[in-house]
Structures are given as structure tokens and as C-alpha cells.
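Shared between the two complexes below is chain A, which pairs with chain B and chain C, respectively.
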Partner chain A sequence: MAQASAPLPRRTSPISTAELRELIARVDTVADLKKLMDTTRFRDAGADSLDFYNLIVAIEEEYGVTIADSDLGEVNTLEKLAKYLNERLA
Partner chain B sequence: MTAFRTRRFQSGDEFELNTLFNQITRKGSKRPPRPLDQLRWLWHHAPGGPTDSWVVETEENTGWRIIGHHALTPIRFTFGDEDWLCGKTMNTFVLPAFRDKFLYLRFEQRCLREADARFDATYSIAPGTARLRTAFGYENIGNWIRLERGLQPLHLICRGVAALAGRCSYRARVGLLRAFAAISAAPKRSHSIELVEYTAGEAASSKFFADFWAEARREAGMAPRRDAADLDWRFWKHPGFEGTTLTYSWPEGGRAYFILDNTASHSAVYSIVDFFITPANPERLDQVLDALFVWCAHRGALAVNFFTTPRGLPPQLLEVFLRKMRPSPLQRFEPAKELPRRFTPRGRGRGNGALADWNATEILMIL
Partner chain C sequence: MHEGIVLDLPFKGDRDYLRMADLFPAIQEVAQDQFGALAQVSSLIVRRPLMRAIQVSFQPVEGCSGSFRVRHDGENIAGWLVETDQQVSRRVPYDSSPIPAAAVSGPDFARILDPLPGFSPFDILVSLSKIVGAQRTPRPWWLCQLNLDTPFTERFPIEVRVLHWLGGRFAVFNVLQADTVIGSFRAILGGTSI
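Then we have the complex of A and B:
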């Protein structure tokens, strides 16, 4: 069950937490976006596994980045997720 | 960072997996754990072939340890003359400590991709998972309803007292219920229909079941197969099953059977874990249900229950069940039990608009 690694596209500007918040708003979610600050854990804003799954799928489609299983536990806030993506896309 | 890896289930994983399953499902319960031979039976002896099973592991100082699992057990269905193979999700979990670190849904998606070529449809009966599985195209085709028929006037009080005792001791609960059942066993009443009783061993080799499904499948719609081999695996030879099979054949043609789970006979509530009647005649169902209640009452059952979905039976038969049994009063305290189902690309290629209903009475039985 190996995961395919996608080629990383080049970006001219870093991904912001506001941009990620917009992405979350586009996926069907039960999370309360008003409670979702940059450092709030997704689960604490009411997101469940399906929300997180949809977000990861949307990110992988949008940015062409595959987030490894082992990294998922580390990207549990908007801030950490943006930092992770920017490091991968740098 | 926590390291994870996923892989196919291998022989040798059984003990670790079963131990974890018991830890999760029996937490706070005084019920005995599931023995290993039950897992082996379910995984390796289904008539549809071996179970497809995957594990998630995390690396620790002592090596790799299982922390999650997904499985699809093949259940043979029929749809008129067609044979279908469906995968039932089994024993799926991620340990609570890893639920924030490992994305189970992505793991399940990979499992489904590997298994889709084998199955026509996949389904689940795990409570509370229908929404999560919409990500893969699952649709909830109905919530299970538990119907119940009390056979003794004080059955709810007896069960309530036993449940309170069960908080202290499982054995006390069992003992009390056995005592209540012995006291309340109704005197033998006669019924115009005399059901034929089989033990598990007798049922498998009976003439009744030798050709039953060949006849019944024509009007069963989309339904789990009831060949002797399938019933053997699901019930009669299942290591955890202690049941009774009751049949009736009308002299002018037509047959019905019930499989009762007496594993829970210590709780004195008998469960109809499977039934079928052909043709689907409501007057006849009414008759055999009455005969069944007489049979159960005579053996000391306090109540009989039956799970179905609103679309899981022909409407005329469901109407009979709803008239003769009531929704269980205990159901309001339990989480909704859904039946999410998805067709694989292979199944969609075969399917059509007539596949919405699904006669799925006994698929709950497998644990």
C-alpha cells in the first residue's frame, strides 16, 4: 500500500492560513470556522475525521502535495499546516 | 513524528488483532471476550473466500505494533439468477490514542481501492460511521430497527432487575435471568402450526435446506444467500453460535424458517437472527410468527427480538412484524445503527435502478 509521491509545483508566494481557511470553507464541513483560529486544533473547532480527510484531499489536489501518514498528526492546526506545505513547496 | 506503516493482514496477526478488538469492544463490559477461534472462523472459512484484511502499525522501541485495522469479509448475495459478492466491513478501528495522529479514512480508501475488483458492493453495520463513509460513495439505506415482543407480562421488570445485577456481576445477571426464565416458562400451549425444530448439526443436512435457496432466491430480491454452506458459516458451525432452527412447510407449497440465537438465552431474550418465507405471504407470516412466540414462551423466553431495516423486507411482511412486535424501548438509549452501502465500479456495471432495496435480515449476526 505504498503512497504515490506527486511532483511539487513551484509557487511564487507562500501559502497563508487565510488561503487554507478559504479551502476549508469550500469543502463540506461540520467544523465551526468562526472558532478556527490559526493555532486552534481542527478537532477543537468541531472538525471530525471526514472534515480532515476532505481537507487533506483538497490540499493534495490544490497544491499537488502528498502528506505522508506519519506527518498528519503534526499538521493539526492551520498554522502548522501552512508551515508544512510551504516547507514542502519551497 | 509518529511512524506508521500499513500492510496486508498476515497469518500470525490473529492473536494481536483479536486482543485489540476485545480491548476496544469490551471496554467496561462484563461480557466474555471473543475467543480467537471465532476470528479464525470468520476470516478463513466464509463460502465467499477469505477475508481481505489490512493493519496499521506504529513503530515502538520493541518493534512494530498494530494500532488499526480494516477488513472486508465476503458475503455471497443473490439477485434473482445473478450471484453477487459483497464485502462487509469487519472489526474496523484505530486505537483512541492514535485517532489524532493517523487518518483512518485515507487508509480505508486505499483498502477499498485494492478490494474493489473483487466485490460488487461493500457495506457496514458499525454504528455512527455512515457520515464518515460518504467520502467513498457510501449511502445509508436505512437505520436498523429493533422490534420486540414480550412473552411474559413482567418481562421488562425482570430484565431491568437482571441488568442492575449485571452492573456488579455478569454471572449474577445470567443467573437471575435463568431463574426468571425458569419461573416464567409458560405451560405448553398448542398452535395449529407445529414448527419443526433442528439443532445446528441437523439443519445443515436437512432436506428442507437442501434446495431452499434455489427456490426462494427468485423472489428474494437483493439478498444474502441462504444456501446450507452460507448458513453453516454464518450460524450453524460458527463457534460462537448456539441456536435453534425452526422450519415449516405448508402442505400445499411454500416454506418458512427462523434461526433463533440462543447464545443469549441466558438473557432470556431470543433473537430472530434470520428468517425467510416463500412466497412472501403476510397471512402465512402471521401464522408462523404466532407459532414461534408459543415455542419461545414455552422454553422460558421473556421476549423475542428482531432487527430489520424499513426497506429490508417486502412491505406486506414488514407490516406484519410491526403489528405483532413493537420497537424496543431500549433502542432510544442506543446510538442509531445505520446500513451504509456502496456499489463498486464492478457492481455499478451490473446494477440498475431496481437495486435500492436490500433484504439484509441476518447480516447483523456476524460479529
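Then we have the complex of A and C:
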């Protein structure tokens, strides 16, 4: 359940994979995801479920977006995650 | 400076694994032995059920089973948990059923107002998390991450309140003591592997 809060200001530029990489750097992950390639799957980079869920929680809090349960399996790379977020924040 | 320290922990009840409630007080004790009485565990991550004796290390370890941080004197000291080849040789009786019986619970929260004889505050905290998790699904939740902004103490009431559900498989709970949020627990559904 997302925390109730004031709406975030509308973004004027799309979310980039570089921006997501910076966000990942702030999440305590077992895998070194700071140099993750845009198309590498998180799991292939060594991220376990805890890493992935922590990343998703951080993204939801940062951007005020709820990622649907059914979409969690799809956003498994930085590139797909950025595309997903930009479509919802457009 | 810091050699690895093997924790002498028993299995509790009929469990055949060590869990957050076993590890947190033991690591807290190690931290205070190493750094002084004011040292406090500020985070603990347990990435899988631990079936054998656990070694605490303050040097990075590849493929560790968990990790933690100790807050001391303005520093944030990292530590790692390593599962050794050593069997856990002891088992102690443990029945947590009085905790749910004494808890007050409602949608997405559970709390205990006063100390319960025979249970540490941390045992109570863990049981409260299980109660709240079971409201969503009765399948077992694995408590995999604890973050404490302020030290966990003996204060009551102790309360767990849902902050975030994700995918029906992951939960973030706020941890409250004396009606103040002191940190959060993260739990994952399942428990054999994360």
C-alpha cells in the first residue's frame, strides 16, 4: 500500500536508466548493481528477490508509482523498468 | 582486529533453522563486546534460513548468508554472516502461542501493550510481524531485513504496522515502540530461498 501523500510534480523529462542506476546505488543490495547494463536482467546480475523487491519499493516511493503485481515479472531490466515508468508518468 | 566469531545459538522449538529473532540479540551482544556498550545493530539482513552455526565477521565475505550494520560513535560498521560447516547442537523448547493470544490486532497492525513473561521484546516483535503477515496470507513469511533508525529497547507497547505490500509476496512493516516508529521490517513470502 503506497503512503498517502501530495501528488508528485509532473516530470518534464523521461526517467533514464542512468537515473535508475543512481537510485539503485542507494539500495543495500547483495549484488553490485551500480554498473548494471541496461538490458541485463537483475537476476542475471546476481540480484536475489530481496534486492529486487527493495528496488521496486524504492522506485515506488521515489516516483509515487504503484507497479502492478502482474507487471513485476516484466520489469526485470533497467531498460524495461524505465520504459514502464515513463509510460505511466507520461 | 576482528576475528570471525561463531555464535552459539540453539534451534528453538521444532524449528531446524536460525532466524532473525535468534540472530539479532546475539549480534547485538557481539557488537557491544567489540565496540562498547553504546554500539547498536542498526540493520540486519538474513537472506536465507540458516541451518548451521553462524560466524559473524567484520571483514567482507563473498557468498555470505546475511549482513548487518552496527552504529557506533558516529560510524556505521558493516558486518557479514557466514554459515559454517558446524552443526547446531542444541535445541531449546519454545512456544510462541501466548504472544498472539495477548496481542491486539486489526487490519494491517498488531501490538502488545505490556511485557510478556518468558518472551523478550524482540521475540514479541517477530511474532507481531507474523501475525500481520498472516492477515494477508497464512503461508509463512520470512523476516529478511530489519532497519532500525533508533535502537530497539525494552519499551512497550510494541507494534507492527504495514507500510507497503508488494506483489502479494513482499511486505514492509513499520516497527513502533512506545507509539513511535523506530524502524522497519521486511518480509518475503515463502522462506526457503530469496
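Convention: the second predicted complex is superposed on the first by the 79 of 90 C-alpha atoms of A that agree within 3 Å, B and C clash if a C-alpha of one lies under 4 Å from a C-alpha of the other, contacts with A are read in each partner's own complex, and residues count from 1 in each chain.
Heads up, the rule we're going with is that a contact is a pair of C-beta atoms (placed from the backbone, for glycine too) under 8 Å apart; a residue touches a chain by one contact, two chains touch by 3 or more.
Everything numeric here is computed off the predicted structure, so don't read it as measured data.
Engineer: Quick one: classify A:Asp69 as touching chain B (first), chain C (second), both or neither.
Structural biologist: both
Engineer: Is A:Ile56 in contact with chain B, with chain C, with both, or with neither (first, second, both, neither)?
Structural biologist: A:Ile56: touches chain B and chain C.
Engineer: Considering only the touch criterion stated at the top, classify A:Glu87 as touching first (chain B), second (chain C), both, or neither.
Structural biologist: In the superposition, A:Glu87 contacts neither chain B nor chain C.
Engineer: Just checking: does A:Arg43 make contact with chain B only, chain C only, both, or neither of them? Give me first, second, both or neither.
Structural biologist: first
Engineer: What part of chain A is shared between its chain B contacts and its chain C contacts?
Structural biologist: 1, 48-50, 53-54, 56, 69, 72
Engineer: Would you mind writing out the residues of chain C in touch with chain A in their complex?
Structural biologist: 43, 45, 47, 67, 108, 144-145, 162-170, 172, 186, 188, 193-194
Engineer: Quick check on the complex: what are the chain A residues that touch chain B?
Structural biologist: Checking each residue of chain A against chain B gives 1, 41, 43, 48-50, 52-54, 56, 69-74, 76.
Engineer: Report the residues of chain A in contact with chain C in the complex, numbered from low to high.
Structural biologist: 1-3, 28, 30, 48-50, 53-54, 56-57, 60, 69, 72
Engineer: Mind listing the chain B positions that touch chain A in their complex?
Structural biologist: 1-4, 6-8, 54, 99-107, 110-111, 114, 131-132, 134-135
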